[in-house]
Structure formats: structure tokens, C-alpha cells
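Presented sequentially are two complexes of chain A, the first with chain B as partner and the second with chain C.
Coming up: the complex of A and B.
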């Protein structure tokens, strides 16, 4: 009998798993990587990097000193400028960029900030964003142009950008804290660094997409290389570059808010953190809303740069600013006297309080249900999760035997029907459920992931990801990595199911999409941090809240890509199916779904990356694993731990990314796309 | 007085791939085919294979071939948009493969103009700015640029659209802008890479006619690329036919239609109504001993077969053919018509 590639991979994995299962009671090092075998990577990094950073420190301090000027200046300007003038300026900018719609958005948005009572804090945040973004844009533009102009450095630059975007946000902060010292400059630099890659990527992409004929026309017009680049290619790529500006702005805002965990600067992110820690959820909610409003205003206005070609009449903008200036003399300049939302915050508090009091039992049973029957077994396995306290009875060793017996029987049935790979995968899945992800023997994980890599991208990928995983093992981060893997795995699985269904629904019904779409838009604009507030309100600190926060954030790409894949079947194919008499469901199953597979896989890929990004933020509200280590390292200024845990996290994200991309590529090839 | 041809291409090779130039030197052998095969075996792409031809001053030289036959690559070698792997290209006697970068820029600013299949218009510039761009590169002043741009815009019939942006124009209008831009600096040599292929047939015909009119007044030396034999026959003074990177035949439209060198060329010429492209002189024979007498339709040497046929549809005998001065230079027999036209059907 000849086996498919998938069946071979599954077979090898299941054999290694079975071997581990039998040997584990006798061989200690199979289940748990012995401490004696780990390398003191943390110390090496601490010492090596510490020394290197020590040399850089004076330069960095000088840089920090230099950066303090524009930052203090802008902070002063924004906090001292009378609020009517600021709101009018934003409105005027909105008008100029996008007509009355954007003007209205600016006025209403900043009006809300005023009455929220967080005006001053918001202006400080804004000052940070507006100092860091020009830095990010310049760096990004320069990197993008460099990669475009010097093909030799392009792949290197791409790798660096990949790494910069997969390294979790918190991990940036520890070394920067060491370099720049305590203070808002860390947030500034971190956000400039974090916001540069999207600009660089879009610049490169835009330049590469400039039509061949346009490029050659510039050459044949007799332009020098510099003239070609600056007069033709960059302007021709302007739309893509503006998308970069938009993404860069959003990244900077997100990072500025995250950097508030360092403290020391009374900005809006700090306000959220503070109120959240004190469990003042009404206030936290309000401050969170301010961030959301900021994000939406900045996002929508900068998005018009990429889409709108019309510039609106500057005179009207001038008039709006003029009115603002006049108003500044008339109204009370004290922004705090307009805080009208205190009542709202209080009533949110009471409402949540009443709700949780009245529905506490229901909320608890929801949470416990999910924990006991979903998350816990996945984490520590049925053999440990099934207790009288949770399931009402005690797991016995013979249950495991029964479970495996049934799984093997079912697997055998599938194998006889010719679906060998599926049969073996079923056995593997049951095995994982019985053992728990956190307790999986390391040889099994290494071989299993390696086998997946072999299926998705051949020997090269298999070798690469096995080695990368091996470094996590050697660095002694294995257990934490598995914990992270478990929580992100659970979230991704939930997102895949829920997001896939929502995407399907949105593809089938226009009304559904009309409802889901604005929600997706908002969810994608909100800085990561803010997702923590609502889950905390209802479910307190803990793994389940983290799980929910991750899901809320990571579900969006799954919805979008699923829908997009399902609705973008080429019309010819649809017509061919219709004329062959396919019903709606047959069409969906036989035509649309296979065609959508690569797109859905890409959505899954995005979802995984989003989940990893959020996992680290969720460490704030109680998760174990690498995210927690990164967060703790920040608190203790432990560079070694911060970097190695951050790197481990990036490695996991990288592996997931490559695997899914590999499978997506496979599907695309199979479809001839 | 012998003037150098406008363009001279000699032994030109363009091979894509790693270390192409070294490998090409190694495999040098007698015939093109075997070199090409050897290159392909090493994973290289010989896109242009030993091209040799010249374009005379004021000549409209058309390069024709199927898509992928290397036409674009060839014209890009001549304009040095790609670096040829080996061979020589002389423009007005100057070897431009040896030209320095600054010399190349100079040539492009003064002497060369190019039109692209997908127009290559700068999306962020108005029509006038697009057309004036090469002048800006020359360093011409603003008013001068404007004036000259308006002239060429008028020449291509786009008056009144100067301030439109490319996205607001139809395909035909866009290519008019492309043509105007390539003519802005009044180049001596004009490259057109499938300029009309992306257009609808009707617009295409219209632009071809206008193109011929423009050329009639400007008399540029032109390299024009097309994959459409009808277009080639309509426009060309001479045609070069390419297959798999090789120039397989060069000749006037008539020569191509009448004497295709191989099946590839014959296949092209197959669907061409030959009567329209062959002239009487092609089928006439010397007048026999007994002078032709009678009341003959007036056949002239330059007449197309189609026209001649309508003139003598009712004749069954040989008809005399006269040259431009009315002197009898030969005769045609009805069978010659039938034979010439009939070969189409086979």
C-alpha cells in the first residue's frame, strides 16, 4: 500500500508519540527536559548584550536628551493650546483631507475627548505619537528605498522587518529601558521602531509595483537615477506609500499606549492601566473609549491619503481654524471643566456591578464550563483535568486505555476506507487531548512539527523549524513555550471555528456583512491594550479573560479572509457550476470552498500572528508562559530574560507562519493560481 | 557620400540568467541553433539570438513575431534598457553599448523616443506634464516646455485635454499622450513597442492612419514592434520576422508575403488577402514577340492585384502592363492572377 506524504508524516509522528508514551514512566528526560541540559542563554544575553548596550548607552542617552526637545515642545504646545483651537485644527485638517465627513469625524471625536475629561492625558499621548511617527516614516522610507535600490540587501532587510514585526511589543521595551532610562522617551523610541516596518514594507511594495512601462518611460525620458526615483517612481507609488503611513500611524499609537506600562508619563495609556489595576472599570472603559476614538480618527483621516485624490478647499479649513481661535478667547480655557462623562463612568460601573451581581452565577458557569471542559483538558490533559471537583468523577488510568482503544479503532476504520492520514491524525489528536499540550513529551513535539514542516515545505523547512524549536528547548524555555502554544492554540482554534462560520455567514448574506463589517473595522483599529478592559469587567483576571481578549482581537482576519475567499470565485466558474445545475450548497461546497482554501489559510495565518501579538499583552491580566516572562522581565529590567523569551515567542510565530504559508502555497499551486 | 545607417545591429545576443555572458563565450560555435540549445541546457534563456540588421535613416522598420519571440527584448537592447550579452548596436555610427551612463542619458534626452504597449504614463502628472517630462529632463524652461508640449499635444489631436490626468482618458487617448511624450524632444529615432496592441480594432486602425500621417511629415527612423501581420504590412517599409529570438527573415512587405522563407513566415502570411499586397509587377512577364494590340484596361506596375483584377475581370487574354510613364513593360495573363491568388487557399 502506498501512503501519501501526509500519511507518512502522521505515521512517523504517531509512532514517536507512542514510543514516548511507553517509555515515559521509565525515562525521566522524555517528559521533562532536564535542567542540566539547558544552556544559560539568559545569562549570555544579559552579559553580552548588556556589554554591547552599555557601550551604546551614552549615545542613546544623548539621543534621548535630543528627542526630549521636540517631545517636550509638542507636549507643551498641545497641552497649552486652547482646546477650541485644537479641535478646530483637527476639524480643519479633516475637511482638507476628506470633506465634511472627515471634518465631522474630527470635531465629534475630539469633542468626545474633551468631555471625557481626559483631554490633557490625550494630548500627551498625541504628542508622543506625532514625534515618533515622523521618525518612523523617515526610517521606513529610507529602508524601503534602500531595499529597492540595492537588491543585494533586500532579502536581509525583509528578514529584519519580519523579525521586528514578530517580536512581541513588550520585548522591545526592556532593552530600550536599559538604554534610554526610565521615561517617556522609551515609549517614543519603541513606537518609532515598531512603526517603521509597515512604512518600509509598503514603500518597497509600492516601488516594486510601479509598472514596468512607467519605469522605462522615465529612463527613456533621459532621467538620471535620482530623477527617476524621486520624480516618477516614488510619486507613482504614492498610494501604497500612503497605506504605509496609515499603518505606521496606527502601529505608533498602539505602541505608545502599550509603552505606558513603563509608567512615568501621565498619558491616556497610563490612565487605562491605572484604572484597570484599581478595578475602576467605568473609568478604564471611558479612557479606553478615548483611545478607540483617537484610533478611529487617526485611521480614517490618514486612510483618505491613500484613497482620496481631491484636496478640499483650503480657505474653509482656514475659516474653521479662525473660528476656533476666536472661540478660544470666549470659552473657558480649562478643559477639565467640560468633563461630563464622570456620570457615565459611574453608571457603567454600577451597570456592570449589577449585571455581574445578578448574573454572576451564569457568568461563572460559562467561564468554568469553558475552563473545565475546554481549556484545562487542552492544557494539562484529560488525565489530570478530570477531577471530582471539575467533571464530577476521577480519571482512572484504564479510561486512558479505553480512549486510546476507541481512537485506534476509529482510526483503523478510517484507514480501511482509504483515509489513512485522517485516521492517524485522529489518534494523534486524542493522544494530545489525553496528555495535555503542556505535558507533551518534547521529542514528540519536535518530530511532529518537523513532519508538518516536511509536508508544508519539504526538508529545508522541516530542518529549519526543528532547529529553531530545539533552541527553545536548549534555552530552557520549553515549558513556558508550550504554555504559550496551548493558549494561542486554543484561541486560534476558537477563532478558526467562530471566524470561519461568521465569514461563511457574511459571504452568504449581504445583511450579515453589513452588520459584521463595521465591527471588524472597529476591532482592527483598536489598540491591543483596550481589548483587556471589557473582558476584565466581566471575568476578572485570569486565563479565561486572556483567552477571550485574544479571541476578540484575532478573530477578525479569519472572518475577513474567509468571506473574501468565498465570494471571490471567478464568475466563469460560478456560471459553469450554475449551468451544470449546482444548488447553492453544492456550489459552496464543490466550487467556492476549494477555491477559497488558500485565502482562508492566509486568514488563519493572520489570526495566528494576531493571537501571538495579543498573547503577550494579555500577560497583563494573568497568563502563564512566555508572555508572562517577557512582562516580568520588563518589570525587573532583566534583558536576558526579556530578549530570550521575546525571541522564543518570535520563533513560535515564525514557525506557525511558515507552516501555514507552506500549506497555502501548496493549495494555490494545486489550484493553478 | 555614404551616411551611416540610423541603427545597425550586429551579432546581438541577449541571454537571461546567471553568468550569461561567460557561458555564452564558452559555447561559441558555428551556428545559432546549437548555441541556443546549449544555453538552454544550462538553464539560461536566450531571448535574442544573433540578430543582424540595419535601419536606414527615415525608414519605418517593423519587427514582427509571436508573443515571447523576443521582440521587446530586442528593442530594449537597442535602447539599452537591458544590457545586451554580446554584439554591437550602433546608432548613427556610435556604438551605444560602449556609451557611458551620462552619454546614454544625453542620447535619451536628445535623440531617442519610445512608446510603450501599456502607455507608461505617469499617473501623478497631467497630460501636459507627462508630455513635457522629457523636456524637463533636458533642463528646458517652464514656458518653453509648455509651448512645445502644447505643440505635440496638438499634433496627436488631444488639444483641450492638457490638464486631464491619465486615469481620466480612454485607452486610445492615453496612447496619444504616450506618442506625444515620445515626440516632445523631437528625437531622430523612434521606438514603438506594440503601441497599438492594447487598443480596440477600430481605434487601432485610426491611430495607425494618424501614425502614418505623422511619419509622412516627420520622417523619423523608426523601429516599430507588432505581433499583427496586417499592421506590419500596412505600416512597414521593411519587416523583420522573429521566431524564438531569431530574426528569420527581413524584407519588404511584398517579399514577406510572396517569398516566405519558411513555414513559420508562411503561416503568418496565410490569412493575408494577397491581392492587396502584391503588385502587378510581381506577376507580369515580358511581352512576347507579337505585340499586344487592342483596347486594354490600363494596368500600371504599381497596381495591387486586387485593383488590377477588377479592371480586367472580363478579359481572357494577356493584358499589357505599363510603367508610370505609360510605356509598356510587360504583360499579365489571367492564369497568373489565379495562380498568385490561389496559392492562398492551399
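Coming up: the complex of A and C.
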């Protein structure tokens, strides 16, 4: 019988798993990686990096000193100019960019900031964003051009960009603090690091897509290479580059709250942190909404830059600014006297409290159900999670045998029907559920993930993945990594199901999308901290709360990409299906779904990355994986621990990313895209 | 060598300043930067000190700074003093900077703090016998949750503050599992939810804190936290373990930049001699966090009414 690639991979994995299961009671080092086999990676990093940072410090301090000028200048300008003038200027800019719609958006958005009572703090935040973004744009542009001009470095550059996006910012705040000194400059540099990759990727993509004719025309007209690049190719790629600008802006804004953890800058992020500390949900939510408003205004206005547009009359813009200037002399210059959202915030806060009080029992039983029958078995396995307290009876060793027996029988039935791979995967899944993710023997994980890599991307990927996982083992972070893997795995699974269904619904119904879309916008841009409070109030500290918090954030890309994939089937394919008499359901299943598969896989990929990003924040509600290590390291200013845990997190994200991309690539090839 | 010499000199100069009364004003045109950390009590402490410095004729600037991350800034002289450091919650970096001599300690704040195992008042009905700690032996199962079953659940400090709650449970052999809270906000949310739902809660907490009165938090009575308890296993109710007692009293102290005493001698003296009592700080915290008043207004009110408590320190340093 000839086996498919997938069946082979599954077969090897299940054999290793069975071997581990059989040997585990006899061989100590199979279950837990012995402490004696780990390397003192933390100390090496601390020492090595400590020395390197010491050398770089004077340069960095000089750089920080330079950056302080635009930073202070812009802060002064934004916080000193009277608020009517600022609102008018934004409105005028909106008019210039996109007519009355954008003007209205600017006016209403900034009007909201005024009545929120956080005007001054918001202006400081804005100053931070507007200094860090040009930095990120320049960096991104330079990296993108470099990768385009020197094809040899392209794959290296891609890895660097991945690292910049996947290592959690918390992990490198401590070294940045040491390098650049205290103050907003650290936040500025951190957000520039995080915001540069989208710019670099879009620059590269844009330049690669410049049409051949245009390039040839530039060569024929005898320009030097530099002239060709800056006068012809970059302008031709402008639209794609503008998408990069837009994405960079959004990324920088999402970093605002992270930068506030250091302090030194009384901005809106700090305000969110203060109210968080007091568990004032309403107020934290209000401060968070200010960031959402900025994100929406900036997103929509900068998005107009990426499309071909007509310029609107500059004289009207001038007139709006003029009115603002005149108003500045008339109205009360004290922005805080317009705060009128305090009452709303307080009543939202009370409402959360009342809801908790009234539904305490229901919330508890919901949580217990999810823990007993879902999360706990997944983490520690049925053999330990099934107790008289939870399931009403005690798990006996013979139950495991029966369970495996049933799984093998079912697997055999599938195999006989010709679905060998599915049969074996079923056995593996049952095995994982019986053992629990946190208790999986490490050789099994290494081989299993390696086999997945082999299926998705061949030997090269399998080797890379196994080596990377091996470094986590050697660094002694394996247990924490498995905990992180379990929590993010459970969240990603839930997100894939819920997000997929919501995406499907949004694709079928315009009304559904009109409801879901603004919720997606808010979930994606509001500082994630904010949602921790109601989750905590309802479900207390612990894994279930962390699970929910991660899901809230990570479900968004799944919804967006699923919908996008389903609605963007080429019209001719739809027509062909309609003319051959397909029903709506058949059309969805046979035409749209297969066509949408690569897009949905991309959404899954983003969901995985988002879930990892949120793990660090979930540490604030008491999870115990890598996120906690990173948070601990930040508190203790322990550079080695922070960097190694951050690297382990990035490795997990990187592996998940490459695996999903490998499978997506397969699908795309199968579809002939 | 050089560092320890510098440390010696600045410590000496502080001692001299502290003992000898009136000192030089120093660089009065440059602002003294005081750290504002993440909690209201510290804002009150800092602003009282700041007002005292202003009364002495200095310029003062308040700089927001994360508690854990501020020491690099103080070592660099970007912040000049931080006035409420809890010995129970201080990062390793502080010890490193003290060793380097770039940060120096400038005396106790005098805030009489207490940490302990605590519960919101309504929990006494769920577990009769509280506040006596022995009561917890029998009602652990009331406090059990999905993650801790069959043990009770104790909400401990965030992991980066250490694990004092877990140590107590181990020392006293109480059937509780300590769950780290992750953040102060999480601790407060637990207290709030427990009060709203009237559900059981055992938590590691401290005073002065505004939540003590807002959620009527009571401490469990544990055997007194004497030094012997932490070193001698035979001491206390459990003859086989250390930590079978209450928390040792926390020390709350102040620290400053190593150049503080040279640049602003009189200010260094004021900050060194400055103390604030719980009875003064707690009502001010309440006015801010419960009644929603602004910190500077509350502090200004207190300064006007309690001149006798702070004026002598300023006068001694400047006249």
C-alpha cells in the first residue's frame, strides 16, 4: 500500500508518541527535560549584551539627545496651541484630503477627544506618534530599498523583519531603557522598531511590482541607477508605499500603551495604566477610546493617500483654520472644562459591577464548565483532569487503555476506507488529549512538529523548525513554552471556529458585516489592557480569563480574512457556477470555499501571531507561560531572561507562521493561483 | 573603589546635612525632578515633598515613571528622587544601582505599612472563625476554584513582587494554592468582584491602600512575624517549617540620585528628613480615589492645615 506524504508524517509521529508513552514510566528524561542539560543562556545573554550595550550607549544617548528636540518641540506645539485651532487644523486637513466626509471625521473625532477630558495627554501621545512614525518610515524605506537593490540580502532582511514583529516589545524595553536613558525616547524607539516592518515590506512589494516598461523607459532615457530609483521607480510604486505608511501609523499607535509602562511622559497610555491599576473599567475604557479615535482618524485620512484622488479646494481649508484661530480667542482655552464624559464612564463602570453582582453564579458555572471540560483536560490531560470534584468520577488507568483502543479502532476504520492520514491523526489527537499539552514528552513534540514542517515545506523547513525548538529546550524554557503553546493553541482553535463562522456570516449578510466591522475596529486598536478588567471581574484571575482576553484580540483577523476570501471569488467563476445551476449553498461549498482557502489560511496565520502577541499582556492576569517570564524580566530589569523568553516566544510564532504559510502555498498551487 | 568612595562621601554629606541643620540651597534655578509612580499613595507622598521643596524656594518637576523601571533614570540623574519604595516590592536593579553608587538611599518615609493575608469583610460569614488563621484549615474548600481544587485559592501578589502568600500557606500547612495575580489592577478587580458577588476570597494585600476601606478588607490574624520565624523552623505553630507567621513589617523608604546632596544640599536635607504617617496619607488617598478630587488640591489642603508637621523640616534646612 502506498502512503501519502501526510500519512507518512503522521505514522512517524504516532510511532514516536507510542514509544514515549511506553518508555515514560521507565526513563526520567523523556517526560521532563533534565535541568542539568540546559545551558545558562540567560547569563550569556546578560553578559554578552551587557558588554555590547555598554559600547553602544554613548551613541544611543547622543541619538536620544537629538530626538528629544523634535519630540519636545512637537509636544510644546501641540499642547500649547489652543484646542479650537488644533481641531480646525485637523478638520481642514480632512477637507483637503477627502472632502466633507473626512472633514467631518476629523472634527467629530477630535471633538470627542476634547470632551473626554484627556486633551493634553492625548496631544502628548500624538506628538510621540508623529515623531516615531517618520523614523519608522525612513527605516522601513531604507530597508525596503536595500532588499530590492541587493537581492542577496532579501531573505535575511525578511527574517529580520519577522523578528522585529514577533519579539514582544516588553522583552526589549529593558535594554532600550539602558541604551537611550529614561523618558519618551525609549517609547519612541520601541514603537519605531515595531512600526518599520510594514513599511519595509510594502516598499519592497511596490518596487518589485513596478512594470517592466516603466523601468526600461528609465534605463533608455539614460538615468543613473539612483535617478532611475528615486525619480521613476519609487514614484511608480507610490500607491503600494502609501499602504505601508498607513500600516506603520496604525502599528505605532498600537504601541503607545506599551511605551507608557516605562513612564516619563504623562500621556494617554499612562492614563490607561493608572485607571487600570484601580480597576476602573469605565474610565480606562474612555481613555482607551481616545486611542481608538486617533487610530480611526489617522487610518481613514492616510488611506486616502494610497488611492488616486482629486485635491479639494485649499481655500476652504484655509477658511476652516481661520475660523479655528478666531474661536481660539473667544472660547475658554482650558480644555479640561469641556470634559463631559466622566458621568458616562462612571455609569459604565457601575454597570459592569452590577452585572457581576447579578450574574455571579451563572458566570462561575460557565467558567467552571469551560475549565473542567475544555481547558484543564487540554493542559494536564484527561488522566489528571478527571476527578470526583470535576467530572464526578475518578480517572482510572484502564480508561486510558479503553480510550486508546477506541481511537485505534476508529483510526483503523478510516485507514481501511483509504483515509490513512486522517486515521492516524485521530489517534494522535486522542493521545494528546489523554496526556495534556503541558505534559507532552519533548521528543514527541520535536518529531511531530518536524513532521508537520516536512509536509508543509520539505526537509529544509523540518530541519530549521527542529533546531529552533531544540534551542528552547537547551535554554531551559521548555515547560513555559508548552504552557504558552497550550494557551495560545486553545485560543487559536476557538478563534478559528468562532471567527470562521462570524466571517461566513459577514460574507453572507451585509447587515451582519455592518455590525461586526466596527467591533473589529475597536478590538484591534483599543489598548488591550482595557478588556482585562471586565474579564477579571466576571471570571477572576486565571487561565480562563487569559483565554478570553486572547480570543477577543486574535479573533479579528480570522473574521476579516474569512469574509474577504469568501466574497472575492472571481465573477466569472461565480457566473459559471450559476449557469450550471448551483444553489447558494453549493456555490459556497464548491466554489467560494476552496477559492477562499488561501485567504482563510492567511487569516489563521495572523490569528496565531496575534494570539502570541497577546500572551504577554495576558500575563497581567496571572498566566504562567513565557509571557510571565517576559513580564518578570521587565520588572527585574533582567536583560538575559527577557531576551531569551522573548526569543522563545518569537520562535514559536515563527514556526507557526512558516507552517501555515507552507500549507497555504500548497493550496494556492493546487488552485493554480 | 571610586564608586564606594563616592558613595561614602555622599552618604557622609547627607548625614552631616541631616545633623547640622541649615544647608546651602545649591542650584535653585534648575528643577528638582521627583518620580511619580503608578499608585495614588505615592502621588500624595511625592506631592507633599514637592510642595515642601517649593516652600523652601526650589523649582520642582514631577516626572511619571514606572516603579520598577525608574532606577536607571535615577542613576542617570534624569530623575532626582523617588519617595516611596516598598522593601517588599523592590527590583534587583535597585540593589545593583546602590552597589554601583549611582543611587543612594535617603532614609525611611516613616509610613507604617502592613502586609498580610486578607479578605473582604463579608467572607467572615462564609468562613466563621475568621480572623483567626486556624479557621482557614477547615474552610479551604469554600475557597476552591476550578484551577485549585481540592485546595482553596489564595490570590497572591503579582509574580514580580515575590510569593509571600505562597510562603505563608506552605509554612502554616494551610490547604491553599497561591495564584499569582499578575498586576495590581487584577488584585483590585478580584476584591471588587468578590464584594459585588459576595463570593469567597482570600488575598495577599497591604495597607495603606484605598481599597482597604472601599471594600472593607480585614487582615487574618497570624502569629507575629518575628525574625526567628523566618530562620528557625522550630519557632511558631508549625515546628517543621519557617514562614509560619505573619509578614515582617515592611520598610518604606526614599532614594535619590547620587549627586542630589552636592547639587541641592538643602533639598537633600529636606527630602532625607521628610516623613509621612499613615494617618495623614490614607485620608488623602481616599479623597482622591474614592471622592474623585485632584491630587494637587487635596495635597494643598493638607499642607495648609498641617503646617506644624512639615514646616519645621523646611525651616531647619533653610534657616
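In this text, the second predicted complex is superposed on the first by the 621 of 673 C-alpha atoms of A that agree within 3 Å, B and C clash if a C-alpha of one lies under 4 Å from a C-alpha of the other, contacts with A are read in each partner's own complex, and residues count from 1 in each chain.
Assume contacts are C-beta pairs under 8 Å (C-beta built on N, C-alpha and C of every residue); 3 or more make two chains touch, one makes a residue touch a chain.
If you're wondering where the values come from, they're calculated on a predicted model, not measured in any experiment.
*Asks:* Quick one: on chain A, after the overlay, do chain B and chain C clash, or do they fit? Just give me the call.
*Replies:* They fit side by side.
*Asks:* Which of the two partners, first being chain B and second being chain C, lies in contact with A:387: first, second, both, or neither?
*Replies:* Once the two structures are laid over each other on A, A:387 reaches chain C alone.
*Asks:* Any idea whether chain B or chain C touches more of chain A?
*Replies:* Higher number of touched chain A residues: C.
*Asks:* Mind working out whether A:273 is in touch with chain B, chain C, both or neither, as first, second, both or neither?
*Replies:* So A:273 only meets chain C here.
*Asks:* Let me test your reading of the model: by the given contact rule, A:71 touches which partner, first (chain B), second (chain C), both or neither?
*Replies:* neither
*Asks:* To the nearest 10 degrees, give me the chain B-chain A-chain C angle using C-alpha centres.
*Replies:* With chain A as the vertex, the angle is 150 degrees.
*Asks:* For A:217 in the superposed arrangement: first (chain B), second (chain C), both or neither?
*Replies:* The first partner, chain B, only.
*Asks:* In the superposed arrangement, which partner chain does A:533 touch: chain B (first), chain C (second), both, or neither?
*Replies:* After superposition on chain A, A:533 lies in contact with chain C alone.
*Asks:* Please work out whether A:238 is in contact with chain B alone, chain C alone, both, or neither, and reply first, second, both or neither.
*Replies:* first
*Asks:* In the overlay, answer first, second, both or neither for which of chain B and chain C A:293 touches.
*Replies:* It touches nothing on chain B or chain C.
*Asks:* Scan A:227 for contacts with chain B and chain C and give back first, second, both or neither.
*Replies:* So A:227 only meets chain B here.
*Asks:* Just the number, please: smallest Cα separation between chain B and chain C in the overlaid arrangement, in Å.
*Replies:* 48
*Asks:* Can you check the complex and tell me which residues of chain A touch chain C?
*Replies:* Spelled out, the residues of chain A in touch with chain C are 173-174, 177-178, 181-183, 261-266, 270, 273-274, 276-279, 353-354, 356-357, 360, 364, 367-368, 371-372, 376, 387, 389-390, 529, 532-533, 536-538, 540-544, 619-624, 628, 631-632, 634-638.
*Asks:* Which residues of chain B touch chain A in the complex?
*Replies:* By the definition above, chain B touches chain A via 76, 79, 81, 105-110, 112-114, 116-124, 133-134, 137-138, 178, 181-182, 185, 191.
*Asks:* Given the complex with chain A, which residues does chain C contribute to the contact?
*Replies:* 36-40, 63-66, 68-73, 76, 78-79, 91-93, 96, 144-147, 149-150, 155, 158-160, 179-186, 188-190, 192-193, 196-199, 289
*Asks:* Which positions of chain A touch chain B when the two form their complex?
*Replies:* Touching chain B from chain A are residues 211-224, 227, 231-232, 235-236, 238.
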